[in-house]
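Just so it is clear, A, B, C and D label the chains in written order, and each chain counts residues from 1 on its own.
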């Protein structure tokens, strides 16, 4: 299995420019990590990485825990494969396309239905930063209610117009909760976006429990949030290696 | 182990008509998937698939995580094996028989004691749809209180009469909670019934947490429910492959 | 590892009379099952089986997940090894001895610190039966507060006198919660006692969640409890086989 | 993999004095145990052991689940490697250094972000001892609010001055919660510190649930705490062997 994977990776990489090979490897790892850490395990979702101003890389329609390099497709901002070949694509790829269009700072996007996050997406109780790992929540995590923005739908972000509405709700923030659905998380690198996705869900669990204790809760101050964010992913390399090792261990692939 | 299973499957399939072989495979997979995803893992339960107007396929009395093709039995709507051979059968097979009798649209039935569902079965707080994955809950999930319907019992659906009372409580809905017991879920295919069972339990967990946050909760609107259900299992093939891969992985069988 | 275990089992069995060999096998399985199902996994505890009016079988002081046939010791009701050999024994073996002394109907005893049970042991909110699997709770589960019975202690049941006080609190019931400690469960066979222990913890989780929903909760009626208990472990053989398979699977032993 | 580990251990041990070899083995085990038991698994953290009045042993900046003997470094109380070689070190090593400086009784320190603990660190609801396993909490677990002590920061204990402030908040207690961060736990041996860390998190979960039941909760009395602590780690050897076996099992290393 691992040999097969390595071969697939080798041949896939040959199809890519030197500069993008690392992104291919990282995006496969990101799919496996997010599946293993519970962010893309229940009800799935997807993760992408930006290749250029108007191109991004994402898997074809495969469960993240099964994604291999050969599944990755380069899409334009209209959500079409650059190589013109027909494939089964995620119907919600417009989440990614429309955010890349209006957020030049964003290098990676994760769309998730992580169970700890959904209760906050459906509640009027705002998500707030519980600890340093999830300080980015202090930058603001708005809620996108598709019914208020678009009207009655099947809740899928299945057109550029709905994707654009979601991107407007996200604004300049690091994440947006989606009522009746889940959340979308962005960041300046695939590693930070993966980390934000994992700790968005963790923060939701922690805040859920803190609220249940019944006493007053002290969240991070705006200045604490700012100072943590300035560190730009302190300790992230160590975390990435550990997550990757867990997700890619023999018996997992 | 996998070779043994494959051989068993091969010989079992020979006993079935061409058209039913796929159902045998799917029903074995459904047992393993539901065990692995936590729906038929605690306190067990069972899953069946309809073969014809008055026949259905179900395992003999074996824990779902252990079910193999050779365990499957064809029952009539009186709950008797069609081949007339004596076996140890689930005492609650009348849940399946009586629902197939009155619901021609139902192709599969799951009876579960999934832990997240039981608190709602015992509570007056109704289950409501939290997100698109479990939109079918918006079609209505009644509660069957066996004591109100039948009187004092040992809670088992152990006779056709009690099964018929449960089927009446289910009505034309996709699922029914059972007070002091669990739930029964139905659907137009085995894949959708399995999916509904998994997301019934997930929705219960999500709603439990949303309620605990203490603020107002926004559930799916009736129109959102209708529009999601119209998609008839969007993304289900991808989900089924991933669930099957998890449940049937080497070391699991 | 499995060969070693089989050999150990073989030699150990030779030391026992024909009638007791099955109990040795069952007690090893019970240790592994209770560890695997989370009842004897956190903070440990122990399980015993009665051999005669004034003898019982229990492991020497080993974590339940590691117990093998060679670890089993025959104790008298004073808590001493019948063979007179010195061993490291559980300091709380008097829980077992004192219950066997006054409850001739009891064939097996489990002492547990299962996490879902402890909150109820420390709370004034009584445990009540949520569903058929844990109907026995309707027979009554008293709380033993060692401080009220004995005074200030280190909470261990480390003497016959404290064990006798616990047995008095248990009375003729199937289980007793222990404030600041955990619970002790008894039954008419090792299989039913193991099952009761697993579903005591499950019921505690379910009731915890039902209470958190905030609405009224309907528990089993006394008559429902009586009718379920009359079935004397309906479906238990199937459950035991599945639990054993999970706990004894290759890679677990 | 296990052979590699054994070889690495062998060569590493040669670099240490006879008396310290056991500490090397124990510290590698402590890293793996705390990762496996969920104390150093999410967001990581670190564990150290004292070597002398002004030296302690800790891993270089590696995720605890991956720590091997070759990763261990001897630091002085200024947080510098005694051998003068440059390495990537935990930026929060001053937690350890400053506590060893003022607490001669402390032989080991664990810094954790264990999820059950964080809600209590951010809440005004005090952690209190639920059962004998976590009786040490009755000795007092203060909360360190870095903003009150130091002002606005990125929450890291990244200087000796902040470490000293944390050590002052800890005082003579067995653990200190850290607002917006996690907790730090100390003890008279590495085994007891590991055990306290595991049961600090367990107690937090248990208390969370006991509070959610809504009725009055009875915590351990001061005298019960004192009597349990007098036992100095009763049953700890059995626990350590079981934890080690779980964490070091083939497939885990």
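Criterion: a contact is a pair of C-beta atoms (placed from the backbone, for glycine too) under 8 Å apart; a residue touches a chain by one contact, two chains touch by 3 or more.
Values in this document were obtained by computation on a predicted structure and should not be read as measured data.
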item	value
Rotational angle, Cα trace of chain A fitted to chain D, multiple of 5°	90
Self-contact between copies chain C and chain D, residue sets same or different by half	different
Approximate Å spacing (C-alpha centroids) for the pair chain B, chain C	32
Separation of mean Cα positions, chain D and chain B [Å, integer]	45
Residue list for chain B, restricted to those that touch at least two other chains	212, 251
Arrangement of touching chains [line / ring / star / complete / other]	ring
Touching pairs - complete list by chain label	A-B, A-D, B-C, C-D
Contact set on chain B toward chain C in their complex	42-44, 61-63, 65-66, 91, 113, 115-116, 118-125, 145, 147, 152-156, 179-182, 208, 211-212, 251
Residue numbers on chain D that touch chain C, as the complex places them	129-133, 135, 199, 202, 205-207, 209-210, 212-221, 223-224, 227-228, 230-231, 234-235, 238-239, 241-242, 245-246, 251
